[in-house]
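You will see two complexes here that share chain A, one where it goes with chain B and one where it goes with chain C.
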Partner chain A sequence: MLMEVKKQIKISLLSIKYSIMMQMLNKVTFITNVIFMILNNASFIIQWMVLFNIKDNVGGLSFKQVILLWGIASGTYGIAHLFFEEAFNLSKLIVNGKLDSFIVQPKNVLISVVTSRSKISALGDLIYGYIVLLFYGITIKRFIIFTFVNICGGIIIAEISIIYNSFCFWFVKADILGDTINNTMLNFATYPETIFKKSVKLILYTIIPVGFSTYMPFKLMLKFGIREFFLLIISVLIISLLTFGIFNKGLKKYSSSNLMVSRI
Partner chain B sequence: MAIIEVKSLSKEFKVKVKEKGIKGSIKSIFNPNYNIINAVNNISFSVQEGEIIAFIGPNGAGKSTTIKMLTGILYPSNGTISVMGINPSKQRKKLAYNIGTVFGQKEQLWMHLTPYDNFKFFGAIYDLNDNQIEKKIEEYSKVFDLGKFINTPVRNLSLGQRIRCEIVASLIHEPKILFLDEPTIGLDPVVKENIRELIKKMNKEYNTTIFLTSHDIGDIEKLCKRVIIINNGKIILDDTMRKLKYNYLNKKIIEVRTKRKVNLHGSEEYTILKNVDNCLKIEIDTTKSNVMDIIKQIDEDEIIDINISNIPLENIITEIYKK
Partner chain C sequence: MKKYLHIYKVTILDNIQYVSNIVLRILSFAIIIFVLFNLWKYMYSDQETINGYSKSQILWYVLITEGIWFGVRNKNFTNEISDSIKSGNIAYSINKPYNYVSYLIVKNLGDITIKSLVFVLVVSTIGTIFIGRLKFTILQIPFVLIALIFSALIFSIIDISISLISFWIEDAMPFHWVFDKLVLIFGTIIPIEMFPNSIKTIFSFFPTYPIMYGPAKIIIDFNFNIFCKIFLVQGIYLICTIIIMNLLYKEGVKKVNVNGG
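Let's turn to the complex of A and B:
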């Protein structure tokens, strides 16, 4: 079992390496993609600066803390799209019958699929996250926690996308639902949890579970606690189990197709 | 010993039926209607180790659906499959170590990587160590003559070179069975011939069982000793190529070039296919008449050239499809 996990990790890392290599084929595109993504994220600081000129705090958070929230939203999004990009295109792969080549390989289908492509602009998001950490005040402890919460949050974001995209096994047009949830999660991730009422919070920990991918990591970053640390790990484990369960159940409904396709 | 055993295999697809226009679209939301399509309908067959078998049929006959069930891509609705004693639906990973697949219409290779890097990746997928992978690459590079382009990115290769690389990638782990779904689609005749030679070589040297689907009669005629024909999800013929030809080649084509136009009219025994410019083309049913009797009806002094041939296998298979 342990050996199998080791082999799967080796293949996934190799796959990620190759997909990043593919994205780096064109140096100019690669560099501009990364830099423009950093600038794009940085531009949102201005609207918060304007807001904090009027108010001292937003939902009890200071300017630095709100920017840290942005850093976590950006970092988690970066991890999710850099390493698991196909989680966000899964519905199209299902509908167009592009899972065939992964099913005939002796590895886990879901992991092989989601790690088979990278979005290089996501590297800009990830770098931006660490720039924000520098601005917030970096220490070794904060660096380690920030990296840890970004990985957990990134995995959760990818998994939520997989869950919603997997509905395509049952309903053809479920890709719209997947895209909507991904965009909504990103929108909510950049606002403090404290500004929302209880009923909205309930949605943010269920239907649009940005609470697990951004708010919990953010709380852990603000104040590290063993309870919060384990809660985040348990959340990742439960969502992972749910993700693999739904995907594997859906895979039995997979109907493939005979479209002419290439892996580019 | 049977390496593939299929019993009463069926696959149904539920397809939504929509009435015309916007009204139909709205109606289908609230009261959807579905059709059940029997893509594969209660088929049984077995394949022996080392066999090269052609699994053919017209478009939509159920070929790809069957191959996808045999490789674990699709789950059967009914029936049982055993590939090397493995149930593809339940032991997908175990099966994957023992089979190779090439889908002519689907790319498995990474386009931006060289064939060499691709083979390294596929070797790693099948848990081969670096030495084993290098050894296999060296061996197949010679057999498949990849030397000239093994370090060229796949996206820059010709279709023929790419298919050769696809086959090598699917052979890197030495599978016992190779499933080829239209491997020569879109290739020119020379490359097709090369691929066929390689498939033959592979079967001979490694005793690999080949399960082939193709619309190219040349693939079937030159590679396979046995053919299974499927249509509308059902097997309509399962026989050796020799018997297929023997049973169905009861028609001959006679082409005669004469000094002057010959006046012959069709009868129950033969059909005039063409009679223009002193060229006569006749189809004879050899169960009703023999070739010599028909030729004797033409004045031998008038004959300049004569050619007697079998009906092309393509026509025979088309006839079988129509039945």
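Let's turn to the complex of A and C:
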């Protein structure tokens, strides 16, 4: 069992590595994608500078804390899209019947699919997250926690996308749902949780679980607690089980389009 | 001119077939508006006015600018331009009996016409229900229309020009990101009056002034002098962006390499 997991991780990492290498072939495109994504994220600092000029706190958070929240949102998004890009295109693969080449492989279908492609601009998002950490004040402890919460948050974001996109196994038009949830999560993730009413917070920890992918990691960064640490791990595990369960159930409904596809 | 009108008409008819796609955009729009309303309501929780804007004025401002953003932005079309340059498919478009860049502008305007009209309705409905009626007279309508049409034209031309960068650099997407964020931050989420004085002057030269701030200001706080100023800036911007777009196309098209097949 452990050997199987080890092999799966090794293959997935190789797949991601080759996908990144392939996109690095055009150096100008690679560099502009990464640098402009960092600039793109950094531009929002101006928005928060202006807002903090009006009020000395937003949702009870200081300027540095809001920027840290942005760093976590950016870092988790970076991890999700750099390592699991196909989780966000899953609906198209299902609707167009393009899962055949993954099903015939003697490896886990879901992991093989989601790690088969990387979004190179997401590297800019991830780097920006660490730049923010530098600005916030980097220590070894913070660096470890930041990396840990980014990985957890990134996995959750990818898994939520897989869950909603998997509905395409049953309803073709469910791709709209997946896209909307992804955009919604991103919109909420970049604003403090405290500006929303309690009724909204309920949605943020259920239907649109940005609470688990960004707000919980953010709280853990502000004040590390063993209880919160394990709560985050348990959240990842539960969402993972749910993701694999829904995808595998849906896979039984999958019908091929007999499309000839070669994976290079 | 007749052929461009025909392209415009055909594009509108084509878009009517896919009007259901707008529903998704309305949903995304509503979510963003919800987040921004929460943010501004929090900012106004202990003060009546901020830099001359009352709470209802700022909510209307955000609603209108986001409405313009959602109505006028045509990401798929600008991506198509870049893709056609990258793939070489542009060769099929530039040998037609029309001016290619004029065709792009007309097609883009055709694409956004229905969407923009839908968003005018959505913005008015959301605003009236959740914020309250706006001080708006029928006499303002012609001025608002002029400002909105100019805004759409300038936005289209800048977006097309950015896509034309693909003649030199394969992927123009990063340039779109930066321009989009420039528009969003300097004028969509926060109006010019909220910025520090030093940035305000620089902001007046940014494209967000004629695209976002101008039309929104004319709607929420109309006076003829402001309209004249915004109209002048829009006119200058329109001329400059047309010149830049034509230059980019003229120089860029020389770089097209078609491999047949």
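Observations on the model:
To be clear about the criterion, the second predicted complex is superposed on the first by the 257 of 264 C-alpha atoms of A that agree within 3 Å, B and C clash if a C-alpha of one lies under 4 Å from a C-alpha of the other, contacts with A are read in each partner's own complex, and residues count from 1 in each chain.
One rule holds in what follows: a residue touches a chain if its C-beta (ideal position, glycine included) is under 8 Å from a C-beta of that chain, and two chains touch if they have at least 3 such contacts.
On a predicted model such as this, the values are computed, not experimentally measured, just so you know.
Within the superposed three-chain model, A:44 lies in touch with chain C and out of touch with chain B [touch as defined at top]. Shared-chain residue A:36: touches chain C; no touch with chain B. When both complexes are overlaid on chain A, the residue A:254 reaches chain B alone and has no touch with chain C. By the touch criterion stated above, A:1 is placed in contact with neither chain B nor chain C. Applying the stated contact rule after C-alpha superposition, one finds that A:54 touches chain C and leaves chain B untouched. Of all the residues in chain A, the ones that touch chain C in their complex are 26, 28-29, 32-33, 35-37, 39-40, 43-44, 46-47, 50-51, 53-55, 58-59, 121, 176, 179-180, 183-184, 187-188, 191, 195-197, 200. Of all the residues in chain C, the ones that touch chain A in their complex are 24, 27-28, 31-32, 35, 38-39, 41-43, 50-51, 169-171, 173-175, 177-178, 181-182, 185-186, 189-190, 194-196.
Of all residues in chain A, those touching chain B in their complex are 7, 10-11, 14-15, 18, 21-22, 25, 98-101, 103-107, 252, 254-256, 258-264.
Partner chain A is touched in their complex by these residues of chain B: 13, 64, 68, 71-75, 92-94, 96-97, 99, 101, 103, 105-113, 117, 121, 124-127, 155.
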